[in-house]
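Below you'll find the structure, written out as structure tokens, and then a few comments.
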């Protein structure tokens, strides 16, 4: 009966109820949708960061991280790779690469790049290059002249598939090594910086140019779940010689990403509180108005012997109704918008320069995190009830004599 | 056997900067089964006296005992319990919850008393039949006339067999014919269910139904003797 | 039937002659000769370099010593602001010296393709000017006449896999080994830039192109001119001059 009374009471003034419900809907919607939006950006940044030749876990020779020079390479990587492989979960992927800074040059242009020697099959599921090329063909394993470059680099160099690209780098003997490659394919990445930075050749081409035998620069591991990186890294570190090799997770390799995640978590809470603060005044105001209008009724109920806590409860049930209906509609709206946007994402390329700077791509695919949804709803409903306790207490404290003196 | 015993009750209100003495040294005893009217002009202290009997207001001085309960010794929650179970109220207006139908208004009090759901409905319907509201069970107060609303209030007041029903000018907003109908119902309930009724009024017709008249003027009782 | 074959043979001879005449010199030797002629065994020169741009122009004086195709060292003598800046080339490697910070820097690969002192010559132009001989295959495609002497027009195409950026070079070399023009093309055979010898005079005891002009294609107002003030060949130059220690002590 309390529920029935509350339900009827909130519809005594439909306009007011609808206005406050709308505020709750917009509040919840903005919390969930905009959080999903931010989460999408962060997830995107993480995925980009990890897929851009970082991986969840990376194994180097000691010293490579502070000085990524050729002498800090992994010599004779076979046994190490076997040990790493033996300590990976079944669904993980692993790739060994050669990576060195180099100069790319053609008749008109030159630029510093990172020359990466890969086995394309190995990179599948490990890095973005494993997804293949956007145009042309992937490099062939063992081919000495194939090279795959980014779309942005190709445009910058005013060149095309089939053309020559000269790469120069210092080899293992500190001699200048240069080699002519032919552009076989073009990759496209979310970030222009990635497209300009990396060029891919076969491992054997890189090894031949750099005179490093069968050595590699790094072993990169990709897991199904990025959160398991620490555990896997520990397991690998326990199995290998940590004097000679370093094991690092993406959180250590990309401290900026980790920092972004923490900042975003903080933003989300702050954002919730800001949105809620905006709603609070609406909720208190409406509830106060609804209570003051009905003081005589509360007085009557008190006279009839109703306890104050039951009056408090009755008012809170009414607020709860408004909050719950508003929350349900707000959730529905947010979820359906996220669903509608789906994998297409929202293209913000008109502001892309700024996003690029922050390491984000210009197409954002909102991602709903269960924890955020729970938090948003909990904030609105719990805090909503807490703040409406004040008008409810005013209703509960009224005495029948006071109430009847009102007119 | 007395159901209401009042000894030496004073009550002073502050209205703005002026102190108004609403009740002066009131002594009053009302017997069980009475059908008593507190009569007097407006501002004489009728409502204050009823409120004090009903435990809605607290006297500055003096003792109040209702149905064997000394108010001075009771907690606030005990008072609420007493009002809920032992005292029925009928006010001048705004007696009903506007969002509930006639039968729901009656049931609601029973729910607060903890009566189970099935019994509530049966008893509410029965009492509405007795006050002559068969067929109006599901009308909201706004769909009922003033007289009908007051009859619902009477039904609600007596549905749980209280020791006493206090009615503050129950007919004030009704025309005389309707008022008379309401009083007839109240009297019938008083007779049939042996429920004590105390009501305030300044209407001669209403006074004529009372078996005891308590005249009050400027906060003092002029004539406390029973008419019977 | 026999007569038809004979006629065909004669025609083919003519066709071959039109393409590159039987008595033409070996094009590779021509190119090698031209490079050696420019360098001499040893040389010492004072060159005035003018960098011209649409809205400004800069001049500097350079003192240079060279030894064969391998080694060279040069310092800027003027203007005073840049005086003492030096460049040492040994084989394919280069070092630069800045007197203000008194430091020698080995040019990393990233800087090899950058312009030297803001001119239209890249460090690579200076360091690798001799790889034209070995990294390319040469073919005489035409003959012209210049100041009464025969000029061979040579088309040089990079050998397969050669780590050179040009798609083609076209050289005009006079029969007396003087390089008249060197044009650089990209892979689409489009001209990128060209070095033109504008004046040939007696200098240092032999005929020498005394005014070099390097100009980018399509950029009329952007070029660099090297103007030889003095030049001597066959000096007895100590090997010690082409060292890093010597680079730090400008001989000006």
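Chains: A, B and C, in written order; residue numbering restarts at 1 for each.
Just so we're on the same page, a contact is a pair of C-beta atoms (placed from the backbone, for glycine too) under 8 Å apart; a residue touches a chain by one contact, two chains touch by 3 or more.
Given the structure is predicted, the values throughout are model-derived calculations rather than measurements.
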Contact graph of the chains (line, ring, star, complete, other): line
Chain nearest the global centroid, as defined over all protein CA atoms shown: A
Longest centre-to-centre distance from subunit A, chain (CA-based): B
Centroid distance [mean C-alpha coordinates] between subunit B and subunit A, Å: 68
Centre distance in Å when subunit B and subunit C are each reduced to the mean of their C-alpha atoms: 120
Distance between chain centroids, defined by C-alpha means - subunit A, subunit C (Å): 55
Contacting residues of subunit B [partner subunit A, same complex]: 51, 54, 56-57, 77, 80-85, 87, 89, 91, 94-95, 97-100, 104, 107-109, 111-112
Subunit B partner contacts - residues on subunit A that touch it in the complex: 1, 4-5, 8-9, 12, 296-297, 300-307, 310, 399-401, 404
Of all residues in subunit A, those that touch subunit C in their complex: 102-103, 105-108, 110, 112, 144-145, 159, 163-164, 166-170, 176, 178-180
Interfacial residue positions of subunit C with respect to subunit A in the complex: 92-93, 108-110, 112-114, 158, 161-167, 184-187, 192
